[in-house]
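Same chain, two partners: chain A is paired with chain B first, then with chain C.
Then we have the complex of A and B:
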């Protein structure tokens, strides 16, 4: 890999003129700036005292540092730790549920032969096209009828079956050699033992990749928690942040931004950590 | 030890028939090799025996009992795959131990942490570790037990795959081209080791290969398969010297058998390319037949004037292959431009270079005859009532030697 890449890259680069290369970098730079500015602004604001936040001139760094006050306020004005814990609990429960359902389902669709398998996979593909908003109202009514609105279950249950996860895993399991599964069957493994002992470990890179996506999506999800949760002690981080907004004294942007920084940080950390494992996984499977 | 019965197994994928009614009986402790060209259905048959695939028709018996309704793990057969199919993220020790873990420990005992606390688990685990160790010692891979398959060479992986198959002492071993990924030298060594393993374990082996050297050197019997049908099942020497059909003769033997057009002039004379062989074949006068001559079925003669001697073919050397022990001469005949490959001795071929003329006389007793459809034609033996053969000149030596061997 390392031997082949520089050559092909040089080849590709060589066909672009320096001007075109410069242009390409400028476009990428502009894109990155657009993506990053809100984050930079969020961090910058979280360090400023209230009077500087709305001052007319643009400054990245505050004249008087207000970081300690803002961050202390973020933790004390609202039970931010509680929100973080809720987020962690909900995301972990969702992820465990997703893996529990998607791995066996994907294995069955990828490797078992049974009537209706292709139709089933067609349904999975179809379900990929349905946005969550479409099912929100029926689910809300259902949860209301069975009385689990405003519980952790209401936050977790709708997400534990991920058709995207089933699809992703199915694509991955297709590449697992049949012989490996045949060997496991002869060695006495049941189908479930094959799923958890043999097939799942080979799919670790895909699971990690999916885990990142799942975490980002559900950690940041605002729409569904807003719909089903009313008690503040069940609030997930994005929902909790909004409570900074509802104070009678008006919005306190310093602590609000500090809170936003704090709830974004775990995602960044998780991503950086998983990214390394992810790349490891990919290169390991590449060596074979 | 077990017998395996294969009864009329048929299998198709979609509309293409892959196996067309294969029947075969394999004895206790026999080493049977299934050979055939790529795509003839060998792996499919093996998978059906193992229970990994279903047959459309027919039945598999193990020890006389039909096992068609049994899952693979109940059949107590082990298989070594062409790709080895080692579990990539388990160590060698875990790979070999898995069949024992799945059989000897209960589902609860297999749980990652809790299982260790259950009564009996520790004893069982110790026994499994000891058994794995014994097998690893036997295969000379004990020093590799903590490695992952990716850290092993091809030959070592192959041994691990053998170990995983051996460890639970199955009734039947199925091997699907286990040596095809190894280099030539290692293949010869592993060939000997697997044959030795078979002698030691005395288990029934069904061994699939498309390498006829493996088939010839290792097996008690060879089953030659072509297009989903068994053409002949016999000991290796018989398959080589007394093939049942043209297809078998062409598939078995390296270099490939020389096939020449021939006709019958009389009951006692086969004529090919202007040369008459004294072979007695009643009842085929006038029909077009095939004359098969192995590379060693020729006498080399000094070159003489063409047509001077009607009992000799004339030709010239087009290529010399000196393999050390063997010397193969590729010869083009003057008559019809047919090309032959013959095996010769260094001494007699010393003066023969590319382009040298030479004379050839086929040995009539080693000639194999086939009819236009490729069926074997056997020369008539003049056999007296007590079994002594009277007319030596008309019988092939091999037919004499192996008359009485059963064939399919």
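Then we have the complex of A and C:
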């Protein structure tokens, strides 16, 4: 099989002639340039002094380096570290909540027999269809009534239950052999201990992929934080960069681009260092 | 066969064992419900309850903070039918999706095919095309705003290099929506690309060998006779996903870049919902608008489920 592979591999797309190979690179390089220009220009601008930013020449590198000034200004004009810390705190709290609630429920639905189980799974599938924007207005009113608007709780609570996570884990747990669970029961394990000590470790790849998806989704979410947060000190990264943009009102682009670099850096670095896992996690969102 | 008969006989001959089995079933049911209960309560409190709340709210004229509300039945939907902003918003949303979905799917497919055609530079190209997906859209929207700045944005400077005069892309009613859509395509293309790459990998190699024996030797013939038909289910799946995402990403882009302007030229459905619900505080009307959005998502998801059903069986 492995010996036959390279031959088939060539047949998949055909052997490329040198001309076709050149054409492929030209087209892909042109495409990649368009994709990368915003990132390159963002970084380039964050290094330049104002007079070079406003000059008509197109230059990638600055003549006078202004990086220290721009990044210092970005950190002092806006509490960027606070925004990043908020993003981390909110995403971590959401993820811990999601795992805490979804794993036992998914195990019960996948492996235990109890009356109402199929109906419960039906409800999970139904809830999968509800976009967050539909629940936003009633949740906003509820949070207003109980007085938790403009708190960390308002950012975290709506997301601690992930029906997508329950669905995903249930699919995964079904492949866990029953014998493993029976053996644990004979050893005197409680069902709760089986969930966390026996079944969960087998699902680590799925949990990691789900964690990346959850992180990307909630780190980037703008709609809900925009609704519930008004205090700058609670802002998540996307909200923070908008505060920054509004304050600058389109004049001081060096520090603003430095701010954009700082806000996008965590996820971009995570992607560049763990491309395969990152892509696995994000493409899973297909089901959502 | 014999094994089953024996164990059946053993069961009826041994009531204590059956009783123990019954006790085990009760314990299992107790365990099942206690493990599933916290998630069930949260699901009702945070998803199903609020969704039902949105339906009820949509039937009232309630304004956020108002002491009273009236049942107006389908009144909000009647208002909607006569609301020019709503129709403009719906039309713009359709144009946005009509631009972003086909173009990001076609370009994503093209990128996937070209990148997979040869190993040279494969991982660099894949990373480059995927980078916008991995970035924070809000921050990148602000970068795009700068790139599109009428007097010193990079886009107009490049346009001027070619002797043409630049325009104010986001403030010109004719170009604002296509410009926002172009950024949407830039953001969506990479995700479609990796979904297609996964689809390409699942095509059995034998099919290409068989096609070669049948004389399909050119790249185009192989694509037409093997790749394209085999990608059918992936294509449907990618179309539906990018449509749902396009709805949602249009909000982020419009909120940062144009706020629906100039003169409602980029007003899209989710932005209208946001404005009605949280700027004008017409909660009832905004809830009715979210139900229109829900109807689109349901239709798309059912389409997707139908297609997926042919491929995978969750049971």
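Details
Operating definition for what follows: the second predicted complex is superposed on the first by the 217 of 288 C-alpha atoms of A that agree within 3 Å, B and C clash if a C-alpha of one lies under 4 Å from a C-alpha of the other, contacts with A are read in each partner's own complex, and residues count from 1 in each chain.
Note that contacts are C-beta pairs under 8 Å (C-beta built on N, C-alpha and C of every residue); 3 or more make two chains touch, one makes a residue touch a chain.
Bear in mind the structure is a predicted one, so any value in this text is a computation, not a measurement.
In the superposed pair of complexes, A:54 makes contact with chain C only, with no contact to chain B. In the superposition on chain A, contact of A:183 is made with chain B only, not with chain C.
Once the two complexes are laid over each other on the shared chain, residue contacts for A:195 go to chain C alone; chain B is not touched.
In the superposition on chain A, contact is made by A:275 with chain C only, not with chain B.
Comparing chain B with chain C, more residues of chain A are touched by C. Contacts of A:118 after superposition: neither chain B nor chain C is touched. Put simply, chain B touches chain A in their complex at residues 47, 50-52, 71-73, 77-79, 81-83, 85, 87-89, 98-99, 102-103, 150, 164. Within the complex formed with chain B, the residues of chain A that make contact are 177, 179-180, 182-189, 193, 198, 201-202, 287-288.
Taken in their complex, chain A has these residues touching chain C: 5, 8-9, 11-14, 16, 20-21, 24-25, 27-28, 31-32, 34-39, 41-42, 45, 53-54, 56, 58, 100-102, 104-105, 107-109, 112-117, 120, 123-124, 126-127, 129-131, 133-142, 157-158, 160-161, 163, 166, 171, 191-192, 195, 216, 219-220, 222-223, 226-227, 237-239, 241-242, 245, 250, 253, 256-257, 259-260, 263-264, 267-268, 270-272, 275, 278-279, 282-283, 286. Those residues of chain C that touch chain A in the shared complex are 25, 28-33, 35-36, 38-40, 42-43, 46-51, 53-54, 57, 64, 107, 111, 113-118, 120-121, 123-140, 142-147, 149, 152, 154, 157-158, 161, 186, 189-191, 194-195, 198, 203, 205-206, 208-209, 212, 217-219, 222, 237, 241, 244, 248, 251-252, 255-256, 270, 273-274, 277-278, 283, 286-287, 290-291, 293-294, 297-298, 301, 314.
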